[in-house]
């Protein structure tokens, strides 16, 4: 059964087609959505998560039509989005941030989530005191605390130093290994591609590529649109 | 037929434009700086009391006193705004503090005049009613309506067409980026506050002579400004006119149907606002907006 | 992927039973039983040979068993850790201490001032719990306060003079009103909701002031209502018990999952809802509860002054509780109690010294406090506690 099906989804802002007739299907793998700035990646992610509604098209999650669902309902069904610009609950401690969600869909062991994201030592710190790198990890932890079937990650390593980014990608790899399914929007291809199975590339709202990671490396359309002709690296 | 429609149309239009004048500064301030300034109505009250004191108690000339009063209102408005922005920049605390300033001013005026209330201030416009289509109209409102139209247009022209207006709009969109581009954000806010305060003060100069001066008089202009702003879509000041008209026409219709009730108008305002918010949280402006 | 398990058993009854049987809890239960038995009006305490303890075992303290029982219950049911806060205990002690102080002169101005203080504290507690925690500043609460007073007056004049009934009905009407009011308005985000809620008391002032004769209400208001209790001292006990009970319940709620969600709403409601929590019902419950409490407080006020009129919609019943909450630290609940005693006692005493000017003084101080002490007096203390308890990270 396909986990997520996006069919001919279009989203317009005024006359601008931010997302233009995008269709793809996602089963049991890790998908990355890539593209240059303004390609519509974050808009697409917001559409999938329910924070925006498409002008046309349909989105199905676990074989249910979630196109018009409000975000909280989508999250209850098991698909949760994390924020690119982190949004922790600042007056609460790290652990309390997780407590908010950990009983929503079955009981989630917060200790395990904290351990997986490397936040165990910080569990009683007020989030206002945490440095940026840890806040990015907390963002991930909050998503995990909801016991998601599909985690939507919006630029999870955005703004991190190379070392921090690689460490976080290591965490993502571990999550992937234990069966967490992820859809990742990311700019920093070199660091993120190793944990990704399939790639969807957007340019100006349209899909220009959808295939496996290795196919992505070699697709000329992608290279021209996104990378010029420079090497992807990684 | 005309006997039925005429009062509603005439009063609806005149009061609608009066509301526009009252609401204009509030919507402008909110649209640009995203703060809900409860003390806005208090500036209306300050203007009225200053005029009263200068003209009735001290005996100065009305026009000069009006100018001074507007000036004082601007100063007070700027002072409150600066204090709040400096020490309570988030919208919720700004709201509480501005509310408290309004109360403070109310208590101060009440105390200074030893609780006496119901003063009348003289008008720049003759108050004797004129008959229009058989409807008795106070010329104050005609002049107010005219001034409202002029100021609405002037404000709109300023924001949309002049380069400084462009600066203001940029600051409204994104103050941080605007600052990066060399726009002096604090100066922009300051100017907006001055204009906003001046607008409500001018409204007071024109309108208050037709009503009375009481320590709680800051509430009504605030309620009107707020309801109009909400219906129009907070911050969307091109919708101020239709919003004000919606309010005034519904009030006049209700007043026509139930002529014996005096304060039904306030209730109508409240009910209209609630219905609007329930149906359209972003007001008229939200109808045409596409993004969430 | 973890298979979603059923939520863990919410209640561990075996642990409760164990606690109940443990020596500490049995002694506590016995102490409460003794207290209740000796202070009960029918026990004839004055005839018992307990002269050493008699100031604290007067029948007038009997209603306090409610507070002791609720605290005991909270601990035995395993929620004790939610109450383990210095502020909570300080507040509880303060409530009891002021009652004891007042009993020396149950009809004095001091006792009467404390009665008013207690009513303001009730309002502050309601406001702090709903608005202080969630960040949704509900300026409409005084409307339900006034409504409670009116309902009491209405029923009292209708022949119903049984106090508990009047209080209960006012609470119910307040809660119902708050519930209905939440529906259209809580869909709005913070500042917009606040401004709209400001219209409620204005409406109350306006509408009631002009319409009440037409609605069949007496022109001068409902006067000659029954007294809440025979003396201010007795009234104080009733109100203090109510506050003590409320404090406990609200504090428990504050530190529960429910309270956590409310605090999350204050921090970032959009993030909360996008991650699976439908925030609307939490807000509605908080506000319904607060409005009910406000209705109760309004009824109490009407029964203390034996009059229900337009003045209950005045802004002072909005402004003073707000000041108390700010001074006590928004969201701290217990802070409202402590700050309440301070603020209102000063207010009551200066009211007789500078009428008119005290309002100005108070408003000015309030403004300064909000500007410079956004988290109230308890803020720095709380930060210190948090600092002391934060572990060193590796």
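By written order: A, B and C. Residues from 1 in each chain.
Convention: a contact is a pair of C-beta atoms (placed from the backbone, for glycine too) under 8 Å apart; a residue touches a chain by one contact, two chains touch by 3 or more.
Model, not experiment: these values are computed from the prediction.
Peer 1: Taking CA centroids for every chain, report which one is farthest away from chain C.
Peer 2: So the farthest one, by centre of C-alpha atoms, is A.
Peer 1: Measuring from CA centroids, which chain ends up nearest the centre of the complete protein set?
Peer 2: C
Peer 1: Whole-Å distance, chain B centre to chain C centre, using C-alpha means?
Peer 2: 37
Peer 1: Could you state the distance in Å from the CA-based centre of chain A to that of chain C?
Peer 2: 44
Peer 1: Between chain A and chain B, what is the gap in Å from one C-alpha centre to the other?
Peer 2: 46
Peer 1: Two or more other chains in contact with one residue: find those residues in chain A.
Peer 2: 51
Peer 1: Of all residues in chain B, which touch chain C in the complex?
Peer 2: Residue positions touching the partner: 36, 38, 83-84, 87-88, 91-93, 95-97, 99-101, 103-104, 107-108, 110-111, 115, 219, 223, 226-227, 230, 234, 261-263, 266-267, 269-270, 273-275, 277-278, 281.
Peer 1: Please name which positions on chain C make contact with chain A in the complex.
Peer 2: So the residues of chain C in touch with chain A come to 1-8, 257, 260-261, 263-264, 266-268, 270-279, 386, 389-391, 393-394.
Peer 1: Where on chain A does chain C make contact in their complex?
Peer 2: Residue list for chain A touching chain C: 49-51, 70-73, 75-76, 80-81, 83, 87-92, 96, 99-101, 103-108, 121-122, 124-126, 129, 142-143, 146-147, 149, 178-181.
Peer 1: Hey, which residues of chain C end up touching chain B in the complex?
Peer 2: So the residues of chain C in touch with chain B come to 135, 137, 139, 183-185, 187-188, 190-192, 194-196, 198-199, 202-203, 206-207, 209-211, 315, 319, 322, 326, 356-357, 359-360, 363-364, 366-367, 370-372, 374.
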